[in-house]
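The following pair of complexes shares a single chain, chain A, combined with chain B in the former and chain C in the latter.
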Partner chain A sequence: MLRIEEELKSQKIEIIESERIHSDELYLTVNKEDFKTACLSLHKLLKSAVIMFFAEDMRAQSKVFRIYCVFLDTQNHSWVVVRTDLSEDALLFSSLAKDIYSASIFEREIKEMFGIMPQGCPDLRRLRLHDEVWPEGFYPLRKDSVLPKICAFLGSYQFRRVEGNGVFEVGVGPVHAGIIGPGHFRFSVVGEPIINLELRLGWTHRGIEKLLEGKDIFAGVKIFECISGDTAFGYSSAYCQAIEKILKVNIPLRAQYLRVIFLEFERIYNHINSLGGIALDVGFSFPAQFASLIKERLLQLHERISGSRYLKGINTVGGVQVDIEDNKAEIIRKSIFGIQKDILELEKMLYSSTSFMDRVDSTGILRKKTAQDLGVTGLAARSSGIALDMRKVFGGIYEKFTFNIIAEQAGDVCSRMKVRFWEIKESLGLINQGLEKLKSVVGTSGVAGGLPGGGEARSLDGVGIGCVEAWRGMLRVWCRIDKEGRIIRCKIVDPSFHNWEGLSFAALGNIIPDFPLCNKSFDLSYAGNDL
Partner chain B sequence: MSLNIFKNSLRKGRVTVSLDKAAFIRPAEINEIGEELKRLIHKKFARSFHIREVDTASCGACESEIIACSNPFYDIQRFGIDFVASPRHADALLVTGPVSKNMELALKKTYEAVPEPKFVIAMGDCAKGGAQFSDSYYTCGGVENILPVSLHIPGCPPNPTQIIFCLLDFLDKI
Partner chain C sequence: MIEKTFLIIIQAVFLVILAPLISGIIHKLKNNLRMRKGASVFQPYYNFVKLIAKDEVISRNTSWIFRATPVIVLGSVFCVCFLLPVLHKSFFLGPLGDMLAVIFVFSLGRFFLALAALDAAGSFGGMGSSREVFIASFAEPATLVSIFVLGLNCGSLSPSAVASLEGWRFSSLLCGSALGMVALAETARIPVDNQETHLELTMVHEAMVLEYSGRSLALLELAAHIKQIIFFTILSWVFFPCPVNAVWGWAWFIIKLCIISVFVAVTEISLAKMRLFRVLDYLGFAFLIAILSAVFALIGM
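== the complex of A and B ==
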């Protein structure tokens, strides 16, 4: 860790305070003037995209707004957070967007939610508070925010325009033809190929970060489960991880194994759903229906073992509320055997169809460099040659399991498909290993109304980062709680946040009829992105 | 050419797969309810009841369950219910989510595009009153604040059997 501080000092950056809050979180406080240089040198040193970049209203405590920029140090398995204070009368900082692309959407977010100006940021359009319904000057995440009185048509969004002979625009959404979340896609095309695609999201914004403020830590779990329905377990795990870190609670081993098992179940059913979706979007309905049957079978299995088809209501701060007893383990083992067979069948169906492979091969290519610059994570990154998986980086309970990750180089729809098949198989292996390990761990799996640490743990306050490799990718939660066990500020970053941008680059050069295919191969969340 | 295809199919053999029936919980009532549903749709909607789905800031779990209604296990289409691509083809709007401010106008426009007579079905706990999102600065607190709601399907998310059951109940009453 000295490496980082030395590097910053060599750049003549004064580190006001260097604090290791948790074993895997290093916080460096710098001057406002040094903030940009510090971030740039860390970005260069750690070769990490901006993982999180957000502000916090701390006027009640110290009359300042604080901004945090989080990087990932893969070598030391640690987060490096640069923070600085901005006084109330000068709410601006110099923008990172021109040097680190992955910071740009975060800066837009900080501007719209806090009114803090990233000076020199080339794009300041709002992401979630749409100009049509929300006037400028109302910043919801400030502690003293007020609601605007009029909510009528106020302005309109400026799309990037492509002009010239024969260029025309195709707008799609927010209400799509399928049963899917709302988003607006604006294609600029010349003839058939897409030359520009702009995504306008934010339609499903529900103000979750604000809603969480002041909530009890136990009540927070329920809201987290409703952020993105298909990642309910991933979200609740990341949140619980953050809170448990702050409260310094070690959850029982059995509960840790159970979390692994449920998280892998979530990965499998969603990957199968996406594979079916890819088949459906090229009109190959037989494997699509077959995949939907496998998914249904898994959902029913979830219901049988946990009472919820979407794995809601399992996690809680301090453990899990659902146990997998021996009889349930037997049911799972039997089902997994059948599912494994079906997946091989599905793989054969898809790979043996020449016309299908022709559609997916070399469609929607996301280059490695683009993916790195954008900060694309998870499955989409692994399909473009970036072998990054949080289960490997932070290990934790996953160190007791054997599994491999795969990185495909091509970055097209086909490689995303291959990675999905690979991950499904690995996840089935992980579940089997987990069930074996459960046998050796007796005792309680979690909590019923209290924390393992007893009443003492509840009086701790502080900050912490929770991170889970959900099925879409790195799911990040940063949380600050107070001594009464209430959430003060919570920042959530869904893997889709950066991956949507990846999609808008992957679609370039493809024809519009191939767009649904590209879209489904990423299979991103609207609700998780918009919060 | 056609001979080749024929040869090919003989060589490949059966490509369909049989369903492992024991792997599913088969609610016997689905068929029973379904037949009843089919009878009602025949009588009241001339054999087809078409639904247009609108997501107004739901988390996506409700959408997943609506899609599940059409999978080969439930196969809601066999009873005469179909999910259509355009509101102009629809008899009813199926709205999920607490209605975010951004979606308010889109929802109203979609509703206007549905020909009369039309119904609004709200689905999921948050579509009624907003549930845990009711305090949010950016939601309208449920579908009933925007459109006249004829039916609410509770659950977070309601499973396909519940959806089918609620639809039956509703079609029975109108």
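== the complex of A and C ==
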């Protein structure tokens, strides 16, 4: 940690306050003028993309807006947060976007939600509050914002335009033919090859971050489970982790094991679904049906062990509400054995088909450098040669498990497929290990740990970061709660947030009919991105 | 003479009525092969009845081409029905056209469909047209050469001569397989196109008819079914050459078509759709096979 402070001091940056709030969270308060240089030097030192970058309205407490920029220090397994205060009469800071690309969509978000101006940011278009609907000057995440009475303004969105002989635009969406979320894709093409792709998302913006403000910490779990239906468990885990950190709760060992097991279940069923989707998108329908069969069996297994097909209602602050008793463990073992065989079968089916492999090989290449610059995480990053997995970085309970992560170098659809198969197998291993370990903690203090000191538990306030490696990638939640146990501000970053940008670069140079395949190989969330 | 004309009309109507069933059978087979129940084999008829009763939405920006196209496309394939002897080798309007006419009448329909897709100025229609014409420009040479080889083997390009091929010849089987590959492309099937896809960006034939609804769509779908049955009919002559008996001709015909349907369904299940530009290799290969079969035909194999 001293390394970081020395580095900043050598840059003549004055650190007003350096505070280690939790063992893995270092907060550095700097002057507004030093904010940019501090972020740039941390970015260089830690070789980390901007993980989170957000603002908080603290006018009630100290008449300021505070902005936070979070980096990941993989060496010390820690988050490094740079924060600074902006006084109410000068709501601007110098933009990082030109130096750190991964900051740019965050800056657009800050501008749109708080009206804080990132000076020098090349792109200030709104992300989620579409100009056609929401008026200028409506900043919903300010504490005093009022919902405008009329919501229909005829602004319009400027797409990047590519001009030239034979270049034309193809707009697709937001409504698509399949049962997927809404998103608008604007292709600029010359014949079939794509020379520019721009995404316009935000159609499912539900104001989750605003909705969470003032909610009780237990009520928050239910909202988190609904942010993105396919990552219900990942979201609730990340949230609970953040709150438990703030409340300084140590959840029982058994509950920790159970969280590992359920998170891996979520990973497996979603990976299977994506693999089936890849096959379906190239018209290879037999394996697609086979994959959906495996997925359905997994969902039914979830229902038998937890009562919920999509693993909702399991997590709670302080532990889990569902236990896997010995008889359930036996059911899981039996089903997993069959599922494992079917997955190998599916793998054989796909890899042995020449016509299928021809489609996925070298399609939709995302280069490593691009992925790093964009801040792409999770599976997509691991397929492009970035071996980053939060389960390995922060360890915790995962230190008791043996599993390996794989990094493919090619970055094409085929790599993403390979990584999926690899992760499914590792997840099955993790579940088996978890079931073994559950035996050793039988009977100890149940699964849902009480909050410390009964009713007084809620007297703790503060901030904390929760992060899990969900099936798509690094899922991040930053939360501040007050002494009554209410959420004051919550910032959520879905892995899709950066990975969508990755997709728009991966598609370049491919032909239009290959785009759905690239898209499916990333399998990103609209709801998680739009919040 | 009047009796014969009457029989030819009956035969054409028979083809039109049978056509959707073949699509239904292929669809049912595909679904059963991939562990699904699938819709009834009569589903294409239900779809037709449903669509024909519906109103349609026509873009204000379209011209007469958009409205005329469904009729022209259906009309062109319907014409072809009169040119082919299906139930008996004498049941066709011989003087009106030979096998080459069949191909070029199809091209007329395709030309108008490609124009109509551009007419509505939607981005998908344009993509569909450009892809369809791209595919057709490689499919047609292969079809033409195959038809010539059949002509060489029968000594005439008259459909009646081709329909009464006797026994298998190596060269006709070879050009038959080229024709089979082209037939998959012409009927918008995997590995060239995918009829079942919901992905508008990958469509070829479906993208062209995307703007159509109601009655027009019903006509276009019926035309696609008829075009398919005509291709399958020609294939059945090549692969199952047996003398056609006027009384039981229709039964033999249906059995032959069913065998071809099974082949198509199995092919569709076991392959992924190929990349768009790979279609060039595929149809180029079909063309090569056709040329090769011409060589074999010339040396009398």
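Everything that follows uses one rule, which is that the second predicted complex is superposed on the first by the 521 of 531 C-alpha atoms of A that agree within 3 Å, B and C clash if a C-alpha of one lies under 4 Å from a C-alpha of the other, contacts with A are read in each partner's own complex, and residues count from 1 in each chain.
One rule holds for everything that comes next: a contact is a pair of C-beta atoms (placed from the backbone, for glycine too) under 8 Å apart; a residue touches a chain by one contact, two chains touch by 3 or more.
No experiment lies behind these values; they were computed from the predicted model shown.
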Combined model on chain A where chain B meets chain C, clash or fit: fit
Contacts of A:Ala177 with chain B and chain C, given as first, second, both or neither: both
Chain B versus chain C as contact partner of A:Leu299, first or second or both or neither: first
First, second, both or neither for A:Gly338, with chain B first and chain C second: first
Which of chain B and chain C A:Pro516 touches, first, second, both or neither: second
Chain B versus chain C as contact partner of A:Tyr27, first or second or both or neither: neither
First (chain B), second (chain C), both or neither touched by A:Phe284: second
Touched partner set for A:Ser355, first chain B, second chain C, both or neither: second
A:Ile227 touches, of chain B and chain C: first, second, both or neither? first
Which superposed partner A:Ser525 touches (first chain B, second chain C, both, neither): first
Partner touching more residues of chain A, whether chain B or chain C: B
Angle at the Cα centre of chain A, taken between the Cα centres of chain B and chain C once the superposition is applied, in steps of 10 degrees: 40
Shortest CA-CA distance between chain B and chain C [superposed frame, angstrom]: 5
Residues of chain A at both interfaces, chain B in one complex, chain C in the other: 177-178, 286, 289-290, 293
Residue ranges of chain A touching chain C (in the complex, touch as defined): 168-172, 176-178, 191-192, 279, 281-286, 288-290, 293, 353, 355-356, 358-359, 511-516
Residues of chain B defined as touching chain A within the complex: 15-17, 19-20, 23-25, 53-68, 71-73, 83, 85-87, 97-98, 100-106, 110, 126, 132-133, 135-139, 156-157, 159
For the chain A and chain B complex, residues of the former touching the latter: 128-130, 132-134, 140, 145, 147, 151, 174-175, 177-182, 202-208, 210-211, 222-223, 226-230, 232, 273, 286, 289-290, 292-293, 295-297, 299-300, 303-304, 309-310, 312, 335, 338, 342, 345, 349, 525-527, 530
Chain A-facing residues of chain C, complex: 30, 33-36, 123-124, 127, 130, 190-191, 194, 196-202, 268-278
